[in-house]
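Pasting the structures in now, so scroll down.
Consider the two complexes below, in which subunit A is the common component and subunit B and subunit C are the respective partners.
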Partner chain A sequence: MALLDIKELKVHYKTRKGPAKAVDSISLTVEENETVGLIGESGCGKSTTARAIMKIIKEPGEIVGGEVIFQGKDIIKMPDSEFRDIRGNKLTIVRQEAQNALNPVMSIGNQIAEVILAHQDVNKKEAWSKAEEQLDMVGISHKRAKSFPHELSGGMRQRGMIAIATACNPDFIIMDEPITGLDVIVQRQLLTLINDLRERLNLTALFIAHDLSVVSETCDQVVVMYAGKIMEKADVVSIFKNPLHPYTQALINSYPSIRGEKKDLISIPGSPPRLVDPPQGCRFHLRCKFAIERCRVELPEIREVDGHEVACHIVG
Partner chain B sequence: MKKHEVIKVENLTKYFKIKKGFLSNFSKSKQEYIYAVNNISFSIGEKEILGFIGESGCGKSTMSRSILRLIEPSSGTISFKGKDILALNSKDLRKYRRKMQMIFQDPFGSLNPRRTVADTLRQTVKIHKLAETIDEEDKLIKEAMEEVELIPVEEYWDKYPALLSGGQQQRVSMGRVIILKPEFVIADEPVSMLDVSVRIGVLKLILKMKEKHNISFIYITHDLSTARYVCDRIAIMYLGKIVEIGPTEEILANPVHPYTQALIKAVPDIDPTVKVKEIPIKGYVPVVPGEGVNCSFYPRCPYADEQCNNEMPTMKKVGDDHFVACFKR
Partner chain C sequence: MKTIQFFLKKLTGAFITIFAIIVANFVIFRIAPGDPIRMMFHDPRVSAEQIKAMQIKFGLDKSLWGQFIDYFKQLMKGDMGFSFWQKRPVIEVIGDRIGHTLILVVTALIIATIIGILLGAIAGWKNGSKTDRSILSVSLVLYSIPTFAMGILLLLIFAYVLSIFPLGGISTPASGFTGFMYIKDVIWHLILPAFSIILWYIGEYILMTRSSMVEVLDQDYIVTARTKGLRESTILRKHALRNALLPVVTLSGVNFAFAIAGVIEAETVFSWPGIGRLTYDAVMKRDYPLLQGIFLLFAVSVVLANFLVDLIYSRIDPRIKTGDVNV
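Take a look at the complex of A and B:
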């Protein structure tokens, strides 16, 4: 049984012009000890998906349909009192921009200890020493446990976030753009840490990123989202070596690489659609160079082609 | 020395006072300075794009602002086609500003949200008195919009920035620059806030502007991969200094400075079968007050020795047009 099973999840944001369908009926599963990468451009619904799994969607957003089954239970229907034992404990999140996600008036050690105290049967002293261990594990010296977030660099804050998220030995961890906005060398250090922890703690994770190369280095499976819909799903090697969906192909073709021959890059014309009134038919057809009449009228279902799951009329 | 130098910068330095508390006025501790840009020299030829690459805090933005005199440099010389920019008074400087323009990182933040695309461009036309009649103004605006591919023009003419995508907003900023027919443009991380799918479009536009209007560029970024796509030469900066400069492909293929090597190695690879090796350098970028007496990369460098701690490395030629500041190479 899959550890996390999302079935036809729908999240809408209310706007004056009607609901913006940020996540429009997506289904995906994450097996145990697997890292699934979720990629797409900003506004494609990847962070909203993450927030929906954590049940931290705020007004004007709302989960309007679907199921999120975690360890056999639907957490959407679960009462908050019950879910509180899971969130931050078995199911955790590392959010983008650690400087905003951390509490500015609480030391990093205390923020880790707080999580441990909330979910485990320990006293304050034990929680504090566990917090120090956590800091050592993510590569911040435990001597910095009394530092406040503003005293830490961007990379260290992000390490602190990871320490909080892994404090209670979670079964599932969501990483929402954990290395975005950091410097190249700090990014590399964090990627090394994440890959190291994945092996050491047997983490199951959903890794959200807009950068293809980051996903390529950390994930086993890759899901490509566009305008609230899943376009393609496949294992990491075949999605980069043999992309089937025109959008996945276009993303890869427009990716500048510093290694190998300098290739001519192809930009994707136009820009992503507005989610309030997305185009009829396939969401991508306005920017797709292969689009045919059928793409303009009929929304493609996800089907299996060459071991990929792909939503496109043209493929196969 | 190149034949057609558009910009020549020599020994440019910009330092900032470190602010201390009020009580330090009464103590004997010496005033300290941060050298954000420390003795930088380079030149840019006609139709050349020079990339500046470095981590945040390395001084690349301070440098670009100093070159345009948006902030006053502390010392050094900057010449634009042989004319000393630092000697100009504010009235003459305004004339030169038209030829030296800048594109900023945040496309939305650099546009007035209450002005339509046409109004934004009209503002530029008016300030620089480029046209005499309204019809002439409209013609210039239309040409600029076509140039930056905001087409059909009628569709974008009356749109407010909030209704445009990031890529389109950046195109408006570029239109505002191109309308002045500049000869030199500084692009400060122009695509870092844009989505992957629209980045390439903006980069291609920069290349087109260069070819069509003979514009020289400084392209500032922390992202080597987009720099590779547009830059003829790149300069790697670390703590206010250029540590390596040379042709883009040459530096990517044969990086000489340990910092450049680490930067290139650190970039993740899109090929999932490639395993990137651990980089040898550790720690974070330190904050070092003062002008410095040794190699600023010394504390993090795996090859460092006594000499690096005691002396300041100077630029050495290591290849065709390829220079590096390191003792160990």
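Take a look at the complex of A and C:
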């Protein structure tokens, strides 16, 4: 059984012109000990998907349909009191831009200890020493446990967030662009840390990124999202070597590769559709150079082609 | 920066400010029109020699600088001058009244702060709900009625029409009450003037706490607290309220300081024999030394309250000591 099974998840944001379908009936599964990368342009719904799994969608957003089955139970229908025991404990998240994600008037040690106290049967002293261990593990000296967020650098704060997310030995961790907004050297250090922890703690993860190179070195499976829909899903090697969906191809072509051969970068013409009234047919057809008449009228179903799951009429 | 260093820095700042106030206070009353000797003796029969003698007696023949040195020296000894109107030392006149004002202000502000913060926090937490809207409307109404208008309204309803509370004063005259009976009598007299102040400040505290709460609830760290799987009550207490109260603490300090000066309205309406009423009388009687003393008291209370706020703030907001605040 998959650890996380998302079925037909729909998240809408209420707007004056009607609901914006940020996540439109997506289904995806994450198996145990697997890291799934979720990639796509800004506004494609990847972060909304992450928030929906944690049930932290803010107004005017709303989960309007579907199921998120975690360890056999649908957490969408689960009452808050029950979900509270899972959230932060078995299911955790590291969100992007941790600059303001830590409480400014609480020491980092206390913020880690807090989550341990909430979920484990330990006293304050034990929680504190566990918090110190966590800090050491993420590469901040435990001597800094009494530091406040403003005394830590951006990279350290994100390490702190990782320490919080891994404090209760989670079964599943969502990394929502964990290294976005940091400088490249810090990004590299954090990525090394994340990969290291993934192996050491045997983490199952959903890794959200818009940076393909990051995904290529962290993930086992890759899911490509566009305008609230899943376009393609395949294992990481295959998706880069043999992208099937025109959107995946365009995405890879628009991204520089350091190790591979030098190539001209090709930007994707146009911009993503408005999610309030997305185009009929395939969401991508307006920007797709292979689009045929059928793409304009009929929404492609996800099919299996060459071991990929792909939603495109012209593939295969 | 270490706490001691922070404390010393703030203390030095407070002393410098108080000194500047003393200078300004001295200068203002020297610029003010009128000859103090003439004001003491309105009688035109007082001869020029007598006036000269008085000037020498009060040191007014000296240069401005010499007068300031005298003023400062005496101030250090606790001598604030002599009230023309009451014919006794200013320090005594103020000393008689300050207690009354403090009873009124401290009681009123403590009650207003507690109720205001509580209601404001609830309104902010339930932002947009019916509860929020009711609390918000009430607080806007309270906040927009000036203390004196509220005072007259309370007086009319509860003292005149319903006759539950007395019309004014601090105790029943010639009642001969002592001990517990006297305290009860004072509390009975205190209720209406206190409420005329409380109601306005409740409005202010609700508005301030509510907006601060709404702002804090939108912060990223509240989402983090949620993703930790904490109880809503824990999130409210440890994360939201703790941060939302930071600006409210500043407000409280400023309120306590200005309330001592600002109860003039309530004290006048309810004939409460405090500093506010005294100020009103001193202005009416053109009693410059008394006014000078009262002004100094007001200014020093503002400085002291700010000093206290700084100290409290450094305890509750770790960012203060390093000066790295971007709230």
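In this text, the second predicted complex is superposed on the first by the 312 of 316 C-alpha atoms of A that agree within 3 Å, B and C clash if a C-alpha of one lies under 4 Å from a C-alpha of the other, contacts with A are read in each partner's own complex, and residues count from 1 in each chain.
Heads up, the rule we're going with is that a contact is a pair of C-beta atoms (placed from the backbone, for glycine too) under 8 Å apart; a residue touches a chain by one contact, two chains touch by 3 or more.
As the structure is a computational prediction, the values presented were derived from the model and not from experiment.
Contacts of A:42 after superposition on the shared chain: subunit B is touched, whereas subunit C is not. Note on subunit A: of its two partners subunit C and subunit B, the one contacting more of its residues is B. Using the contact criterion defined above for the overlaid structures, shared-chain residue A:224 touches neither subunit B nor subunit C, since it reaches no partner.
By the document's definition of touching, of the two partners only subunit B reaches A:187; subunit C does not. Touch criterion met: A:213 reaches subunit B, while subunit C stays clear of it. Of the two partner chains placed by the overlay, neither subunit B nor subunit C lies in contact with A:6. In the overlay built on the shared chain, the residue A:103 is in contact with subunit C alone; subunit B does not reach it. Using the contact criterion defined above for the overlaid structures, shared-chain residue A:93 touches subunit C, although it does not reach subunit B. No residue of subunit A touches both subunit B in one complex and subunit C in the other. Contact residues of subunit B toward subunit A in the complex are 55-56, 165, 167-168, 195-201, 203-204, 222-226, 228-229, 249, 252, 262-274, 276, 278-279, 281, 284-285. Within the complex formed with subunit C, the subunit A residues making contact are 54, 56, 58, 83-89, 92-93, 95, 97, 99-107, 114-115, 118-119, 148, 150-151, 161, 164. Those residues of subunit C whose C-beta lies close enough to touch subunit A in the complex are 219-221, 223-231, 234, 238-239, 242-243, 246, 316-319, 322, 324, 327. If you check the complex, the residues on subunit A that touch subunit B are 41-42, 153, 155-156, 183-188, 191-192, 210-214, 216-217, 236-237, 240-241, 250-252, 254-259, 262, 265-269, 271-272.
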